[in-house]
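Naming follows writing order (A, B, C and D), and every chain is counted from residue 1.
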Amino acid sequence: MSHNTFGHLFRVTTWGESHGPAIGCVVDGCPPGIRFMRAEIQAELDRRRPGRSRFVTQRREPDQVQILSGVLPEEDGETLVTTGTPISMLIENVDQRSKDYGAIAQRYRPGHADYAYEAKYGLRDHRGGGRSSARETAMRVAAGALARKVVPGLKVRGALVSMGEKEIDRANWDWDFVNHPDNPFFTPDSQSVPVFAEYLDSIRKNGSSVGAVIEVVAEGVPAGLGAPIYGKLDQDICSALMSINAVKGVEIGNGFAAARITGEQNADEMRAGPDGRPVFLSNNAGGVLGGISTGQPVVARFAVKPTSSILTPRRSVDRSGAEVEVVTKGRHDPCVGIRAVPIGEAMLACIIADHYLRHRGQTGRI
Amino acid sequence: MSHNTFGHLFRVTTWGESHGPAIGCVVDGCPPGIRFMRAEIQAELDRRRPGRSRFVTQRREPDQVQILSGVLPEEDGETLVTTGTPISMLIENVDQRSKDYGAIAQRYRPGHADYAYEAKYGLRDHRGGGRSSARETAMRVAAGALARKVVPGLKVRGALVSMGEKEIDRANWDWDFVNHPDNPFFTPDSQSVPVFAEYLDSIRKNGSSVGAVIEVVAEGVPAGLGAPIYGKLDQDICSALMSINAVKGVEIGNGFAAARITGEQNADEMRAGPDGRPVFLSNNAGGVLGGISTGQPVVARFAVKPTSSILTPRRSVDRSGAEVEVVTKGRHDPCVGIRAVPIGEAMLACIIADHYLRHRGQTGRI
Amino acid sequence: MSHNTFGHLFRVTTWGESHGPAIGCVVDGCPPGIRFMRAEIQAELDRRRPGRSRFVTQRREPDQVQILSGVLPEEDGETLVTTGTPISMLIENVDQRSKDYGAIAQRYRPGHADYAYEAKYGLRDHRGGGRSSARETAMRVAAGALARKVVPGLKVRGALVSMGEKEIDRANWDWDFVNHPDNPFFTPDSQSVPVFAEYLDSIRKNGSSVGAVIEVVAEGVPAGLGAPIYGKLDQDICSALMSINAVKGVEIGNGFAAARITGEQNADEMRAGPDGRPVFLSNNAGGVLGGISTGQPVVARFAVKPTSSILTPRRSVDRSGAEVEVVTKGRHDPCVGIRAVPIGEAMLACIIADHYLRHRGQTGRI
Amino acid sequence: MSHNTFGHLFRVTTWGESHGPAIGCVVDGCPPGIRFMRAEIQAELDRRRPGRSRFVTQRREPDQVQILSGVLPEEDGETLVTTGTPISMLIENVDQRSKDYGAIAQRYRPGHADYAYEAKYGLRDHRGGGRSSARETAMRVAAGALARKVVPGLKVRGALVSMGEKEIDRANWDWDFVNHPDNPFFTPDSQSVPVFAEYLDSIRKNGSSVGAVIEVVAEGVPAGLGAPIYGKLDQDICSALMSINAVKGVEIGNGFAAARITGEQNADEMRAGPDGRPVFLSNNAGGVLGGISTGQPVVARFAVKPTSSILTPRRSVDRSGAEVEVVTKGRHDPCVGIRAVPIGEAMLACIIADHYLRHRGQTGRI
């Protein structure tokens, strides 16, 4: 039980505030003998990094990851091998402008955790949201980069499927486009780029913000991961996605749409496959039945709310109980959902890695 | 880490299969000195019990709960007092018709966990779904009845808000109607009863099934429960709801709708309240900000898929890999979402009780 | 985190009081496909059962175990196969003489948990010690009987090596004698039987009690179980043995004796073995180095204090704070250490089974 | 479940190897609002630091602790206040002489974890013992310095009570002498200093090593901490002490001596105390009855084996299976038990802090 750890056998603990000297994580339980390069972790971090386009926060953080323990260098000087002991990773905070936050030290920002936080702890580090800062998610991405290596053949990808009132056209889905340099939105639909750009420019210029829906997909998940009751694979995936800041809803497979259809429409039929395993004719289940993976792609979606850091004054109260108006200056993402794509992928990878090890532990069937 | 336990300080472990001699649970960590009556537990179980109307499974289970440990009787002979030690509860399985299931012993039912289960364990108790049976949820309801007692002033209620294509009219919301004897659907809208009845009769007579959406609400939740990162209150609520069989999506507050609006529309503004605490002017957040409760009602919804136990033949394979058609006879719910209402309430109550104790442990602020 | 659960992947939760209707346990995480017979569990329970000689408590409990979930019967009607789901076991309490305990309801027995218990919970089930009763240990033995099946080739045995001032002669060690029908003490030294018998008869007739030291040994433990820091195999073994009622000390290998010798004397030297693995020339380490098993037998000892349920009056206070004298009638063991032998074995087996699964989970090297 | 974490509500995770860039820990679950100074943490670390006398390893490590998260500075510039979020602490490794270890890269040192480690992970960081290095214990001391602040009025102290064949005279016990500058042994008996010095000089000059027994005592522990079964306070203390490198045995109160006496001798009698609470006339129990604290001082002892890093050649095998002789050069402690005193104190403090929060969580009685 820990408020800053997730996972059971593949465990991730994160620490750090937005405006302290550094943030970091400890990945415990990683199998020994896994080879990777620091550059691979860094590449994932760079996907989440602020300041890459005008559509994300202008905070300038190089986000250079240091790997402090749990690995041995190979002779090539690039490759690291996990030793099975905890892997500590650290990123220094560079661009902290604490002065930006002075105005809100005494005020509860509507839609932010300020009041709830103070109700819990009796005190609060208001600078950059303290522990509630989205900056913490960098460490999830770093841990996820390792998790991707744990399950042989695992491929985890994500994409933004809607932003505010605008949606992609699924007929145009192209995974290769998601990480294209001309795509600042992680959208899989190249035709959506100008639509999203115009829409978000308008939002941004108004000092407003907007929500988004992200879809994450894991391929190469062996059948058998998860458990029937409280260790359901989809339960743990939803929990992990829900733990991302600003997420308000999660769903697996056809999700809420399943509530509107009949059993005939919903059941994924099976036919005999070439290797003796069933081939599913559809994937409404999102790769999970009864909490256990079926071997189909695992598909989840999550809804990200618009950040409440906006320039329009909102009514609130301050710590003394007096009524005030709050405007949040500082540098913020007009659509925090964009950078949530690599974060969602990372969380999905971590949960699958954890269940892979748990399944192997209990059953020895991998 | 356990596949059959949830909660940290208020911990619930369940055990049992649909067709074994009994099912049960152990509630560990319950505070000492809590007074309750067996009849109160039973009353909650009766709300979930099968066979109460033509719209739920006709399996006849009295579901009489036995309380085997962790309590001392008071002199009135009715009241029990928790001692702080584990509370073991047990319900005997009475109406087990294993023969109903013979036809599916060798076949994987589409939309069921049969194949995934066997991929995991290499063997499977096919009778009634074994451990995957919805019967396990009775023990959640029993545990939830205790959880409701842990937090002073806590009130947890739930209602069905849509069934397949049919929705309630929120303007008619009446909590008092939800448990009315003439209401077989846990709907809060009395005008929806004939609509749902006609719709579900049609589904049932066709041997089909349909999904539903359930809303659960907790009032009297103190501000400060939860944690900023991986112990978010809403995260744990969503995980708990997602662990209910057949649930495919969960959301908090305005949930997926938050992804479609702006920060101005979404932020819940505050004004000074009479007791020095803020009064929120709306509750888009669903009572949770930054993972921590605000004192507003906690509101969550979850989508239940239609059961795949239907009379229409569906294509599948059997254990030998041969292609077959599957029809699921036996006694089943045409809309499993109906009986999910008390289950959802119970899970919400358990999570809040757990976080109440966790918050008290770390901060001593309750 | 649970006060009534131990283990991580092989998890045991127990419940029940001495004077309630039943006691029980839930074993979660057991691998699927393990074959055993109810009679095998019962045989272990019978070794711990009260009333088998004049040297143990005369409470008459048949201790018939019921297996309520988590298993499928094979066609022979005797063999059960684990399904991978939680295994619930239950024993009814039959011989409860609550009236024996009336005299101590208001008094704190010296050396008992009475005062501490009430300081914790604010109330207490005084009958038979409530949750603190040694009766709870029956469920450890039941769980341990399953644990013995989890690790192929594992053999766990135990013996009493001293009782009060009397010790065995290790030169006479004979494992086959430990469970001999003429051996009421689990001693491995047949010549010690008359010595212990005379000594304990004297203790018993005086209404006194005496302590003991138990040694438990696990053979067939694969090298590699455990972890270097906080998952040390010996740490978890000591924790498990220390959790047995009345245990005041635990040690691994040469234990406290290691503190009195030099590094030359203590280090177990190695030579090349026939299969390429090292052969150790001694086993001061008790089979564990740096927290990880070496493949040598795992050897632990634990000290059991004399029960404080004695006929000699001892000074104490009552719940009102008044000074009183306490005499504990009721039926008690003059040397609780005797029946601790199968309990110690069971705990050792459970910890090794758990670490076997944990090791397999993280490394896949089994 | 984690191999590198201990505690439940007050949780400590450590990471790092002896010869990596740094070691560190994350303390999660610390209550908010606790005031301390970095210098207080440093003072505890300095007690454990190598190189302080000729009787400990000559490795020169300044062991300057950095506090990276979870605190807010007060205006005095010295005081830090915990925020309730994870506290990350880090110490850089400065004096790493990896070349010292080249000779043992391929050889299994007798009495060391080398072989067991490689059997577990399939690879090993041989430099300085890798993760098994005693250097990891610095982070326990840092965490323990925080833990001491969690329980109001708690005082945790420790002392060395025997070294090899030499023991202190308990009649000379003087807590004030333990940390005296002229006392390189943490002995409470000033007359033992020349005895230990002469003895250990002889051991050291022979390139040998010797074991020790440490006693740790916690005063100011409220009655009621712990739990009757698997959350016993003494169980968790023993587990924590057993997790310290080289510890082979642990005991509470009179420990193994309890096994040799009668119930009359062992039971701690009680009389009425001035504040309505019982006064105990002795403390054989070591402050814990039935797993729950009584309010008496908590007393535990642990046995530390002699390090196997010695200059006398010992027989062993190498990674290829060939028979070799091993001599361990490098810089080592002739009696690792000396520096175990602050480590034992730290572990005791951490466990008590954890149980304090757990007790408050479940019962609200603090």
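What we mean here is this: contacts are C-beta pairs under 8 Å (C-beta built on N, C-alpha and C of every residue); 3 or more make two chains touch, one makes a residue touch a chain.
No experiment lies behind these values; they were computed from the predicted model shown.
Greatest centre-to-centre distance from chain B is found for D, with centres as Cα means.
Residue numbering at the chain A/chain C interface overlaps substantially, since over half of the positions present are found in both copies. The mean-CA centres of chain A and chain B are about 27 angstrom from one another, to the nearest whole unit. Each chain gets a centre from the mean of its Cα atoms; for chain B and chain D, those two points are 45 Å apart. The distance from the centre of chain B to the centre of chain C, with each centre set as the mean of the Cα atoms, comes to 38 Å. Those residues of chain A in touch with two or more other chains are numbered 1-5, 8-9, 14, 29, 32, 84-85, 120-122, 130-131, 228, 358, 362-363.
If you draw each protein chain as a dot and join the dots that touch, every dot ends up joined to every other dot.
On the chain D side of its complex with chain B, the touching residues are 1, 9, 29, 31-32, 84-85, 228, 357-358, 360-364, 366.
For chain B in complex with chain A, the residues that touch the partner chain are 1-6, 8-9, 14, 108, 110-113, 115-117, 119-122, 129-132, 136, 162, 164-165, 203, 208-213, 223-232, 234-236, 238-239, 242-243, 245, 248-256, 258-272, 276, 278, 281, 285-286, 288-295, 303-310, 312, 314-317, 321-323, 337, 358-359, 362-363, 365. Chain A contributes residues 1-5, 8-9, 11, 13-17, 20-24, 26, 28-29, 32-33, 66, 68-70, 72, 81, 83-88, 120-125, 130-131 to its touches with chain D in the complex.
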